Amino acid sequence: MATIKDSVHDHIAVEGVAEDLLDTPAVQRLRRVKQLGTAELVYPSANHTRFEHSLGVYHLATRALGQLGIEGKQAERVRAAAVLHDIGHSPFSHNIESLVARRTGRMHDDVDDLLESGEVARVLALHDIDPGRVAGLVAGEGELGQLVSGELDVDRMDYLVRDAHHTGVPYGTIDTGRFVRELRFVDGELVLAEGNVQTAESLLLARGLMNPVVYNHHVARISKAMLRRATDRLIEAGAATAEEVRRMDDRDLTVALRRCEATADTARALDGRRLFKRAVWAELSDVPDEIVDADHDQLREFERDIAGYADVDPESVILDVPPRPEMRESTSRVVVNGEVRRLDSQSTLVTALRLAGHEQWRLGVYAPEEATDRVGSAAENVLGLDLEALVVDVRQGINATLDEFES
Amino acid sequence: MATIKDSVHDHIAVEGVAEDLLDTPAVQRLRRVKQLGTAELVYPSANHTRFEHSLGVYHLATRALGQLGIEGKQAERVRAAAVLHDIGHSPFSHNIESLVARRTGRMHDDVDDLLESGEVARVLALHDIDPGRVAGLVAGEGELGQLVSGELDVDRMDYLVRDAHHTGVPYGTIDTGRFVRELRFVDGELVLAEGNVQTAESLLLARGLMNPVVYNHHVARISKAMLRRATDRLIEAGAATAEEVRRMDDRDLTVALRRCEATADTARALDGRRLFKRAVWAELSDVPDEIVDADHDQLREFERDIAGYADVDPESVILDVPPRPEMRESTSRVVVNGEVRRLDSQSTLVTALRLAGHEQWRLGVYAPEEATDRVGSAAENVLGLDLEALVVDVRQGINATLDEFES
Amino acid sequence: MATIKDSVHDHIAVEGVAEDLLDTPAVQRLRRVKQLGTAELVYPSANHTRFEHSLGVYHLATRALGQLGIEGKQAERVRAAAVLHDIGHSPFSHNIESLVARRTGRMHDDVDDLLESGEVARVLALHDIDPGRVAGLVAGEGELGQLVSGELDVDRMDYLVRDAHHTGVPYGTIDTGRFVRELRFVDGELVLAEGNVQTAESLLLARGLMNPVVYNHHVARISKAMLRRATDRLIEAGAATAEEVRRMDDRDLTVALRRCEATADTARALDGRRLFKRAVWAELSDVPDEIVDADHDQLREFERDIAGYADVDPESVILDVPPRPEMRESTSRVVVNGEVRRLDSQSTLVTALRLAGHEQWRLGVYAPEEATDRVGSAAENVLGLDLEALVVDVRQGINATLDEFES
Amino acid sequence: MATIKDSVHDHIAVEGVAEDLLDTPAVQRLRRVKQLGTAELVYPSANHTRFEHSLGVYHLATRALGQLGIEGKQAERVRAAAVLHDIGHSPFSHNIESLVARRTGRMHDDVDDLLESGEVARVLALHDIDPGRVAGLVAGEGELGQLVSGELDVDRMDYLVRDAHHTGVPYGTIDTGRFVRELRFVDGELVLAEGNVQTAESLLLARGLMNPVVYNHHVARISKAMLRRATDRLIEAGAATAEEVRRMDDRDLTVALRRCEATADTARALDGRRLFKRAVWAELSDVPDEIVDADHDQLREFERDIAGYADVDPESVILDVPPRPEMRESTSRVVVNGEVRRLDSQSTLVTALRLAGHEQWRLGVYAPEEATDRVGSAAENVLGLDLEALVVDVRQGINATLDEFES
C-alpha cells in the first residue's frame, strides 16, 4: 500500500487496482494536464493537475464506499473508475474539449477505447475487472455511476475544494467530510440523509459562485478561445491529427503550437500573456436565439461577417458563445421527514441557481486591444443584439409577492 | 503601537484611541463574553469571544478606511466605534439579548450610556472624541455608520470568517481582502465597486448558509432558550436586576444561576449538557399568524396552556418563536455598468435568500426528553398548527416559467 | 454513534464507552476549563478548552489504535483514558496545578479518585472497564500508556496543532496524519517506523519553538503567577478548600476570587488585564543553585526579603522560579536501518533541544509597574544573581570543532 | 495598479516598474518553470511555479520596504530585483542548474545578461532604473541586496510557506508577517529586532526540516539526476546548445528530450515515473574525502568504473554526490539586549543545524531496479566507503556534559 501526500486531503492511502493503475502511462500523463487549463493566466497559483485531482476523487470515493458499506469487486470497479475518470481529457482539460469532441466524436468521459488497450487494459485484466463496466461508471451509468459522475459525485466535491485551495478563491470551500458521511442509497438512488438540505445547497452554491469568478472568468474564456482557435489551425495545417491532439499532454501541445507556422504567433501571444480583449460581453437576454443556438460552422460564418464589417483580418475576431445555461432542475435528492425529495422542491436557493445561470451567461466577442472598438460595433450590427427581460421579471415577481406577504 | 496576534487576521497593529480603549474594563470584559453563547454545546471549538471579534472588526475597519482615503478625527471615531461596537452585549451575546432588551429597553448596539462614564469616557475625552457620535456610528447612523453597522459592514465580514474558523463549518469563509479593497462611497452610500456582484452575493449567501447550520442550529436554540428562561427566573427571584445582568460577563451569570435556588437545576442541566428536546419543530407555513406575532406575555400564556393540556410542570415547556424572517429586500449596493444598483435588482440568488429565510424559519416547542410526546401533541392542539404554502408556490412558479422558457 | 465537528480534526465520530463518558459532568466540566489558562491575555484567540482537546486526543488515539491493530476491550480502555486524561485538571489547567498539587498531593494526571465515583464510575462499570487500569493509562503506565502519556503520545500531537490553530502561532503545525500512521510497537516499546527521524524531530522542535513563544511567554507567566498567588490567598482566607478549588471550573474560580476580600483586587486586575511587570528576568546561568532549587516556603521567604529590602508591600513582589529545564535525554525511539534507536542518538537537533531548554529558562521577579525598578535592585541583591556559562561553552565547542573539520 | 490573487498571500497589489516587468516574456516564462522541478513526482500537488513565487517575493519585499521606511528609486530597484530574481533559472529550476552552470558559466542568480536586452531592458530604461544595479541586488550585493538574497531574505520566507502550501508538508509554515515586521537595518546590516531569537530560529529550522523531507527526498534526487543526465546527453547529441537549454521552459525541454533519440528512453521513463532506485545511500562519514570532493569528470569516471565492475551498461549507473553541507556558521543577526549579535552565538538550535547538515547529507548511487544489487556492491568497492564519526562524537559530548551538569 502506498501513501501519497496531497495538499488538500493530506495523506491518501492507495492500494489494489488503484495503486497499479496509478503507474500506467495513461494516468501518469495527467500529471502534465492542468486541471483548469489557461485559468492560471488569471490565478497564477492554479497550476494543479488532473493527476492530483484524480487521486482526490479516488480518496473521496474510497471513503464514500466505506460509508455506504460497498465492498469487494463492486468497490474495486468504482475505485478504478475514480482513478481513470479523467484520462480521456485532452491537453488543458476542458479548454479544447469541444473541438476534440467535434473532430473525434469523443467527450472527455468517453473512455472505453482507452481502457481496452495498453497498460490500463493489462492492469484491469490482472485484477479481473471488466473495462466496459468501468467505462460505464465513468460515464455515470448505473447506481454506482452516480457516485463517480452525478450531481452529488465525488468528482465535484474534490474539484471545488481543490480549485479553491489553488486559486485562493474561497467560495469552493465545502465540507467534504460531511458530504461523504451523509451519502445513502435509497431505492437505487444516491441521496443525502435527513438534515442535509443545507449540505446539498452548499455544494450547488459553491459551484454557482465559482462559475463566474473562476471557471468563466473573462480572461480564462479569452485565453481558452485563443488556444482552441490555434489548435484548430494546427489540425487544419496538418501538423497533427485530432486524435493525436487528444492524447497529447499540455507540453506537447504548447510546443506543437510554437513550431507550426500557422499557430506560432498565437503560441507566442499565449506564452507572453498578450491576450485579446473583450469587444462585446453580452447578457443572454440581449442575444437573439439564432446566435445562442448557432452551430460551429454558423459561428465561424458570423466571425467572418464581423471581420468583414469591421474590415479586419478574420483571425482578429473570436466569437465565443457558451452553451445555453445548463442547470436544468437539480436532480439532487435529500431525505426530508423520512421521504426522498428533490432538492429543488426543498430549496429556493437551488431554484434560484437556475436563474443565476441565465444571469451569468455571457456572449463574448474578442479582438486585439487596438481593434476592440471597431469589432465591437461590427458585432452589434452583425449579431443584432437586443434586449429581453425574463430574469428581471421573475425577480420582480418574487419581491412583489414577498412584499405583499410581509406587509 | 501594539501588535496583537489573531488566529484569523494574523498580526493586528493597534494604535491611537483604539489602543487606549482596549485597556478599559468595558472592553476587557468582552474577553469573557463568548461570541456565540451556548453554540459551543454544538460546536465544541466555538469558544471565541467578543473581544477577539472586536479586534478583528477594528482591523478590517482600519483597512477599509485606508482604502476609502478617510483620515484624521473622522477615522479615529470609526476606529473607536469598531472597538466599542459590542460592549453593550450582555453575557452570552445574543442569547439573552431579547430578555435584557425587554427589561432594560436596550439592545446590544444601544451603548450611549456606556460611553458616557468610567474609563471609556475618560479615554474618549483624552482623545477629544465625542461619545455621542461614536454611539451613533455603533447604531449605524450617518455615512460612516454604514461601515460599522450596515449590510456591507466590517462587523459581518469578521464574524463570518471567525465563526467559520472556530466552529469548523466552512460556509462563512468569504474573501474579506476583496471586500475591503472594493468598498467605495458614492453619493454618501457605501457600495462595492464595479465587477462585484458575486462578491456581494458571497457575503449574503455565507450568512444564509451559516444561519441554519450554526446560528439557528436546534441545539443552540434549545440551550439558548433554557438559559434565557433561567435568567428570567433569576431576575424574578430577585437574585439580580436586569441592569446587573446586562453588565455581567459569562462567568458571573453562570455562577449566579448555579447559586440561586430557582435556577440551580437549569444551571446544572446546562453545565452537564442535559438539554430539553424538540417536541415540535414547525415551519412558518404551518403556524397561525397569531402565534408568529404573539408578544412575550401571550407566549408565556401559550406555554402554560400547553403544560396544562399535557399535564406537566409549566417549567417543562418552552415555546420558542423567532421573529418573522428579517431579511427584507437587500439594501446592498453594487456598481454595475457605472451605475449604483441595488443588489437584489442584480442577483436572483439574493432575491432567493428572502424566500430561504421563510423556508428556514422554525417554531420550536421544547421539553424534557421523556415529555416530548405529550408536550408535542398538546402544542399542536393549543397552537392550531396548519399548512400554508407561499414558498412552494413561488418556487413552482420559477420552475414552471423556466421550463417553458427553456423548452 | 455521534459525530462532532472539530475545528482542528474536522468530523470526529464518537462511540462506545467514549460516547457515554462525554456526557458525564466530569468531562462536560472541561468545556469550562481553558486549555492554556491565562495565555489568552497574550493571544486573544486562545480560548480553546480541555474539552475539545480531549475530543482531539480521543480521535488521534482511535486512529492510532486502528493503525496498530489494537481492538476490543484493550482499545476501549485506551479510548476511555483518552477522553478522561484531563479531568484531573484544576481551573485554568496548568496555571494553578503546582499549588493544587502542593495542597492536595495530586497532579492533573492523578485521577484514580475521580474514576471511582459518580457518573464516570457508573459508565465505566456499565462497559465493564476497570477504573484502576484506566487511571494507570492516564498516568502513562504499561505499554499502551505510552500512547496516552509518553514522548510520542497523542496528547502532545493534539495540543501542538490545536494551540497553533487557536493562538495563530504557526510553530506547532506538525503532521499528525504522518505520526499516527507511522507508530509501531516493537518489543513493547512505542516507536516510529523506519524513515521517521525527521518526523520525530519535528514534534520535539515544534514544542521547543512553542515553549518560549506561547507556553512561557512572559505575560502568560506573570498572569499565571498572579492567579496562583490569589488562589493561595483564597484558600488561606478560608473561602474555599484546596480540594474544592481542584474541582471548580474557570467560572467558579473567577467569581470566587472576585467575591473574597483578600483576592478581589487581584481578580479585578486580571479582569482588566492590569498586570505586574518584570522587575528581573534572569537566565539560568545567572541564578545561584540555591535559588533554582528552593522549595515553596523558601521562595516565599525570598519574596518577603525582597519586599523588605525594596520597602514595598509583600503582596507587590512575586518570585517565579520554574523547575530546572525538564528535557532530559529524549526517550523517543525510531527505527533506523531496521533497529530501534533512541532519537537523541540519531539527531543532533534533539540533542540541541536539551541545551535550548537551558537557554530559554528564565527566573522572573514581578511587581506593579511603578515598583519594578526598586524591586529589581532589591532582588538582585537578595538573590545574588551572577554569571556562569555552560551553554555558551558547549556552543563554542561545536562551532570550533566544525570549523576545524570543514577547513 | 493590478491586483493578483495568490493562494499564499491572498491579494497582491502590483504597480510601478514591477507591474510592467510582469508583462515581459522573461517573467511570463516563469509560469512554465516549476518551482520544485521533479519534486511533483513525490508530492503530486507541488506544481507551483517560479512565477507565483516571484510575485510572492515582490509582495514581501514591498511590505519589508514599507516597514524599513525605504522609498523612491531605491525601493523601485528592490522591487524590480524581487520580480526578476529568478528569471535566470533554467527549466525545472535547480534541477539542471549545476549542468547549465558548468557549460555556460552562469548560476541562476547571474542575470546581468538577461537585464541588458529585450523587453526587460526596455522596461527598466522606461523607469530609469540601472540594470546593473538590479543584477547586483539579485546577486545579493550591497545593503539592500541582503533583503533579496541573504539569510533573512524575502526569497526564503516566500518559498518555505509556498512549498509547504503546495506539497502539504507543514514544516515550512513560518510566520512571514512577524518576519517582515521585525526587520531592521543597523549599521548597514539587516537584522531582526529585539525579542526575535525564536523568530530567526524558526526560519532556519523550517529549512532544516524541509531539506530532507522535500528538497532532498531521495525520489526527487533520483528524478533530478535522471533529468540532468538526459539533458547532458541532449547537448552532447547536438540537439540543443547549453545556452538554448538555459532559456527553455519546462515544456520545451520535456519535448526536446522526447524527440532526441539519445534521450527518448529517459524522457519516457520520467513521463511514466519509472525511476532508478537507490543502489547506495551513504552518510558523509562513510564516504572518503576524494569522492566527496571529486569534480564532474572524476565522478563520470567513477560511474564508468562502477558500471564496468558490475558489468552493466554505463547508462545504468548514476553517481550523485551533493556538495559538502553548505551551512557554515549562520550569519543571521538579531538584536539581543540592545546589541546586534550573531544568531549562532545565541541559539544552540542553530548551531546544531550545522551538525544536522552533516547528518542529513547522503551520497547516492542509482540504477534500474533489477540492477541495484550488483551496482550497489560494485559501488562499495569502487568508492571505498567506510566509517567515520565526527557527528556522533559531538552529540555524545553534549549529552555527557549535560548529564554531568544536571546530576
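For the reader, a short list of remarks on this structure follows.
In order of appearance the chains are A, B, C and D, and numbering begins at 1 in each one.
Convention: a residue touches a chain if its C-beta (ideal position, glycine included) is under 8 Å from a C-beta of that chain, and two chains touch if they have at least 3 such contacts.
These numbers come from a predicted model, not from an experiment.
To find the repeat of A-D among A-C, C-D or B-C, check which pair has over half of the same contact pairs by residue number; it is B-C.
Chain centres here are C-alpha means, and the one lying farthest from subunit D is B.
Distance between chain centres (mean CA atoms), subunit C to subunit D: 38 Å.
Centroids of subunit A and subunit B (each the mean of its C-alpha atoms) stand 38 Å apart. Centroids built from CA atoms put subunit D at 50 Å from subunit B. In subunit D, the residues that reach two or more other chains under the touch definition are 10, 169. Viewed as a network of touching protein chains, the structure reduces to a complete graph with every chain in contact with every other. Here subunit C touches subunit D in the complex through residues 169-171, 173-175, 198, 201-202, 205, 208-209, 212-213, 324, 328-329, 344-349, 351-356, 359, 390-392, 394-395, 397-399, 401-403, 405-406, going by the rule given at the top. Within the complex formed with subunit B, the residues of subunit C that make contact are 4-8, 10, 23-25, 28-29, 31-32, 34, 40-49, 51-52, 55, 165-169, 250-252, 254-255, 271-274. Subunit B meets subunit D in the complex at residues 3, 10-11, 177-178, 181.
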